[in-house]
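Below is one structure, written out as structure tokens; comments come after it.
Labels for the chains are A, B, C, D and E, by order of writing; each one numbers its residues from 1.
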Amino acid sequence: MSRKAVVGGATIFAALALWYVATSVTQMISPGRFPSPADTWAAFGQITGVGYANGVLIDHVLRSVTLVTLGFLVAICTGVPLGLWMGWSRKAEALINPVFLIIRPIPPLAWIPLAILWLGLGDMAKILVIWFAAFVPSVINAYAGVRNLDKTLIEAAQMLGTPFLTFVREILLPGASPMIFTGLRLSLQASWTTLVAAELVGAMTGLGRVLNAAQQDLYPGMILVGMIVVTLCGWLMTAALGVAERRALSWNTASQAGE
Amino acid sequence: MGAIRFDNVGRIYGNKQDGFEALKGVELEIADKEFMAVVGPSGCGKTTCLRFVAGFDRPTSGMVSVDGVKVTKPGPDRAVVFQQFALMPWKTVRENIELGLRNKGVPRAERRERIDRILALMNLTGYADAFPHQLSGGMQQRVSIARAYVLDPEVLLMDEPFGALDAQTRVVMQEELVRLARRNPRTVMFITHAVEEAVYLADRVAIMARQPGRVKEIIDIRSIREAERWDDHEKIEDVMDLESFVHLRTQIWRSLRQEKAMEIA
Amino acid sequence: MRDMRIFDTNNTVVLGLIGFGGFLAVWTLLSLSGLIPSLFLPSPAAVVERFVYLLNHRFAGGTLVDHLGASMLRFAGGFGLAVLVGIPLGLLMGWFRLLDDIVTPLFDAVRFIAPIAWVPFAALWFGTGIGGPIMIIFAGAFPPCLINAYRGAKFADPRLIEAARMLGTPDRRMITEILLPSAVPSIIAGLRISAGLGWQSLVGAELIVASTGIGYMMVQGQGNVSTTTVMAGMIGIGIIGLVIDVVLRRVEEAILRRRGLSA
Amino acid sequence: IRVSYQPSLYWALPFHVASEKGWWTEVELEPEFVTFPAGAPQIAAAQAKDWDVGGTGSVPAILGASRFGLKTIGLTNDESRTNAIMTAKADIEAVKADPGVIKSLLVTTNSTADFTARACLEKWGIDPASVEFVNLAQAQIISAVISGNGRFAGVWAPNTYTLQERAEYDYLCSGADADAIVPGALVVREDFASQNPEAVQKFLAVYLKSIRWIKANPEEAREMLVDFYSEGGVEISDAGAKAEFELRPTFTLDEQLALMAREGGASEVDGWMTRIGEFMTSVGTIPQAPEAEGYIDPSYLQGVKENTALAEFVDAD
Amino acid sequence: MGAIRFDNVGRIYGNKQDGFEALKGVELEIADKEFMAVVGPSGCGKTTCLRFVAGFDRPTSGMVSVDGVKVTKPGPDRAVVFQQFALMPWKTVRENIELGLRNKGVPRAERRERIDRILALMNLTGYADAFPHQLSGGMQQRVSIARAYVLDPEVLLMDEPFGALDAQTRVVMQEELVRLARRNPRTVMFITHAVEEAVYLADRVAIMARQPGRVKEIIDIRSIREAERWDDHEKIEDVMDLESFVHLRTQIWRSLRQEKAMEIA
């Protein structure tokens, strides 16, 4: 842990130093291409002080964290069971997969008109957009987790006369859980990366809105501020997920070695 | 309740034409409450046969039935002790053993009591809350045995259950199994490599041969055991010293050795 | 009873068709019932008609095939780069702790950012020709490649790793012959996700930086409120996505079968 | 020379006409066209040196001036009549009578439509801060309007025609109504212009010649417009095409020079652009509006005028 | 080349204060080219000790060294036969065995030849291209043994290698191992539950005890083997009938049994 923190901290520090040197000291990268630390700090001052894109930073953060959390929860509550089902039942897989495959590559942006049509300009539409992107990794990883489950464990459970629900809860789910958690991580990430698209649905505030506005305004400093804040939020939520994972996978020796 | 029957059973791995013929024309009957040991060289298909009875696999020809009913799927009436333990790594020892009882709807208090008893029997007291990866191989195998025992099933299918046990535990378990089998007889199909173990435990011993896998010979132990009153002896060592025992043991051994010789020739 | 047999089959193709047919039926019903105006949900027939029309007629600068072709080139570039960088890097991180400790914070620092949020920087750095779109697809497709390869390696059976170490396996071989095969199922799952996300970010990027390609065609269609065009584009993407996915899953099945994991 | 524009926009038609007529070769320019679906990436691509000259909207032009020193060297058209707040035809009179009913507005924020909408609200005496501006891309505005999720929409052409045709909407208040003039700009990268002033002049000459030709041959030009739009994926009706010509005035060389003349202090164009710049500052797009004199540079137009060969080329039929 | 030394070795699982003390004060020396068998009740820490020598794990106190050098990491000079096989499921039998040879840089032709020889020795000819999941448990274990054997390492670490073998193969393997050990002696640490096996194979037998795991007693076999000229007998059965053998066997057995009794008391 401490080693990891030291190396990680050193890496981040090195990256920041490189950034400073490249943009500010040597001017290797012109400020038009990438903002300097000073530009970024100024943008940060603007968004925390007078505000930007309809609000100050904290408004944007609260709004987006709420949205992402909801979208993520809806996505995993639908995605994981669907993935488990498709992994378990070849019939379910054959039945659902073609539709799933066709719908999957459609970008969140393309869902926006339908989302507006079905759910208006409120939160539901934004959650729908996030859901479309975030549920796919949950499905696919849960699916792969089931497919990789040790066959003798399934046999042992069958031999013990395990009823289906118990089987799902106590064998399928924990057995697939290392992969399910991989999926959850990706789903969480997808939730954040779809935020920009989701907040195209008439958002008043939100980090996606900030990024959209900064993008329209070609405001590199503000784009970077938005990116950094999104990263911090995503990182914190992933860390929370990591804690849940460690708790859920305490039986797994490999997971303790892992991150 | 619990008579097992193999009817001209065959199993081909791969496609029917040029696949690998693991079993051919296996004929075997295990009577209700009979203890049948199965011995045979490695790879002769012992595990495969046992999996048919468990319902994990199906013969490609012939039929396997229990009480005249064709086996189609696994169930707790046919408890299995797996060669490779097959414990749920995410469940503690207690939870692993408990699952079958919960499935049967045994009430909580009784579950606890039965598990504590079996843990003590298996010399596992104190490990109830350990996870499988914290146990030694032998301990894991004992948990696996406990999981099957605790269900008190009609049919017990054991695939080299004592293979990973240490010598002393093994003897204790063998004696225990015999006691159990006498007191509360069950239909048992017991795969082992140890000929002495087979003779000591079984009513009959099926000797299998390879290429293709089949039942070569069945040796009746029970009549001799009863005639020679083996059960009067309490310790396994005493039984093993009896002339009748040694004779049977040598007979089976020779049959196996002969098989081996044939194969190498 | 015998007539019912077709619904009782195990044949995946038939089941797939049933699933797809059900999907089409619901769609058709929805569009015919008038619950959703056809402006938003045209009937499947209308979409197919448009699809065929677009195959043969130029729209927004090219036929559907031209657009798909342009998009596929970009996709191949970005996705290929993501795979070539992400999987080896993920495996290396799964083996070398130091690399893991160095890359993880940097990777964490970029992976939550929407691929389309990179558009301005992509345009500033690589222009809007080839480089910019490739960078954006890369941004979308890279994380699943890396994460799944990394976690696949991390969750490799420790007993097998011990066995390999005991055999004196050097690091390079450890990665190619132990970690990589161990991680294959995870990697394939990652590739499936990555391909999907790659297409998503491609189309997102084309909305903004390109002037050819399927995404561009769709946004033009949307601007005209020509939902049939948008959906024809979706079908085009869907078909390609389907082909990629089927190939990946064939590979996965073959590998799993070899290991006796899947009947 | 690399020329950038946004396809299916009215002011890009002259590029198309010039290509069809072969005028580029007459002045020995070999244009390579780079198109962008929106202004922001277009400006960003200038920074990556993806193009040299082009046409764009006034907001991107000011943005480019403020961030990357982009020069505005001419005008494409006046878009103020096609930047408008629209609402259902049936409601128009009622709303005009009581504009206070506008509580919420679908608009692409920080755009010319936003600028126009604010100007309209101010004209009606409404504080723009009291109205909720719901930010949506133009295409989404159309979706939202058609699905009944918004009553008032701030849009620009050709989306205005789409709303007229598909949603029974009509103009409530355009930029022109509110004296908010929204010009389109011809822009050039500063370093390219200083290195290749002649090429820039030739480019302007071709554009102006096309404008003159379009004014002289409206029928033929309209057909070309329809072709040009459908090439870019926009299917415009005849009525729409007609409206484009009627609603969007273009300017000849002399008109442009007049508009940009600074003899009596700031020019007309300086005034327009400054107002838009102030709007952009007020919504936080840019920290400070750039000085109009600093980036609006009529010298290249002047150069065309003074170069007799080019001037003749512009005026020749 | 290959002397193993345990110096006051302890291992605590969990944290140092209230963790589980699996081993405490283990002292053991295995001389170069000595065959040391380790017996003891299940869970006494035999595998843990072996893992120290292999370099997979480190003691929490004390030191394990080979040739006076502290063990820090695994290597092909200390080949391990695992209790649970640990074959790569994605490699064929041949590829599994080949890996170690390739790591050592053995040329292709020689590899092929050595693998063919070891496959024949292990009675696996014909299975070179099978995948592990297509083999029975016993066959898998034989592949695992072949993988270690083929490297011809200084130190061989074997964790119940014959546990999963059938009786006949086991005897063949035991005889083979003895032949190998005599002809081409190696330092061997051999964990087993079968006391006869330990006596038959080993130069010395270490008896371990539980709670905490430690070496209780070391019994010298070699001097008696040489004095009684066991090696003149070719068959294992003949050796096992010798009085000196039976005596040693009983001595160890009693020591183990006593351990058991103590523990239950």
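Everything below uses one rule, namely that contacts are C-beta pairs under 8 Å (C-beta built on N, C-alpha and C of every residue); 3 or more make two chains touch, one makes a residue touch a chain.
The shown structure was predicted, so the numbers you read here are calculated from the model rather than taken from an experiment.
Novice: Which chains are in contact with both subunit C and subunit E?
Specialist: Joint contacts: the list comes back empty.
Novice: Within the chain touch network, how many edges lie on the shortest path between subunit C and subunit D?
Specialist: The fewest steps needed to get from subunit C to subunit D is 1.
Novice: What's the chain with its C-alpha centre farthest out from subunit E?
Specialist: Most distant chain from subunit E: D.
Novice: Ranking chain pairs by contacts, what comes out on top?
Specialist: A-C
Novice: Can you compute the centre-to-centre distance for subunit A and subunit B, using the mean CA position of each chain? Integer Å is fine.
Specialist: So the centre of subunit A lies 50 Å away from the centre of subunit B.
Novice: From the C-alpha centre of subunit D to that of subunit E, how far is it in Å?
Specialist: Taking the mean C-alpha position of each chain, the two centres sit 84 Å apart.
Novice: If I count partner chains per residue in subunit E, which residues reach a count of at least 2?
Specialist: 84, 134
Novice: What positions in subunit D touch 2 or more of the other chains?
Specialist: As it turns out, subunit D has residues touching two or more other chains at 40, 44, 47, 139, 143, 147.
Novice: Enumerate the residues of subunit C that touch no fewer than two other chains.
Specialist: Residues 40, 119-120, 124-125, 157, 207, 222, 260-261.
Novice: Output every touching chain pair, sorted by label.
Specialist: Once each pair is checked, the touching ones are A-B, A-C, A-D, B-E, C-D, C-E.
Novice: Applying the document's contact rule, which stretches of subunit C touch subunit D when the two form their complex?
Specialist: Going through subunit C, the ones touching subunit D are 37, 39-40, 58-61, 119-120, 123-129, 132, 207-211, 216-217, 219-226.
Novice: Going by the contact rule set out above, which residues of subunit A touch subunit B in the complex?
Specialist: These residues of subunit A touch subunit B: 150, 152-153, 155-163, 166, 170-171, 174-175, 177, 249, 251-253.
Novice: For the complex, which residues does subunit E have touching subunit C?
Specialist: 54-56, 73-76, 78-80, 82, 84, 86-91, 99-100, 102-104, 131, 133-134, 147, 151
Novice: Across the complex, what residues on subunit D touch subunit C?
Specialist: 7-8, 34-38, 40-41, 44-45, 47-50, 138-139, 142-143, 146-147, 159, 162, 166, 230-235
Novice: Hey, which residues of subunit A end up touching subunit C in the complex?
Specialist: The contact residues of subunit A facing subunit C are 3-4, 7-8, 11-12, 15, 32-34, 90-91, 93-99, 101-110, 113-114, 117-118, 133, 136-137, 140-141, 143-144, 147-148, 151, 178-179, 182-183, 185-186, 189-190, 192-197, 208, 211, 214-215, 218, 220, 223, 226-227, 230-231, 233-235, 238, 252-255, 257-259.
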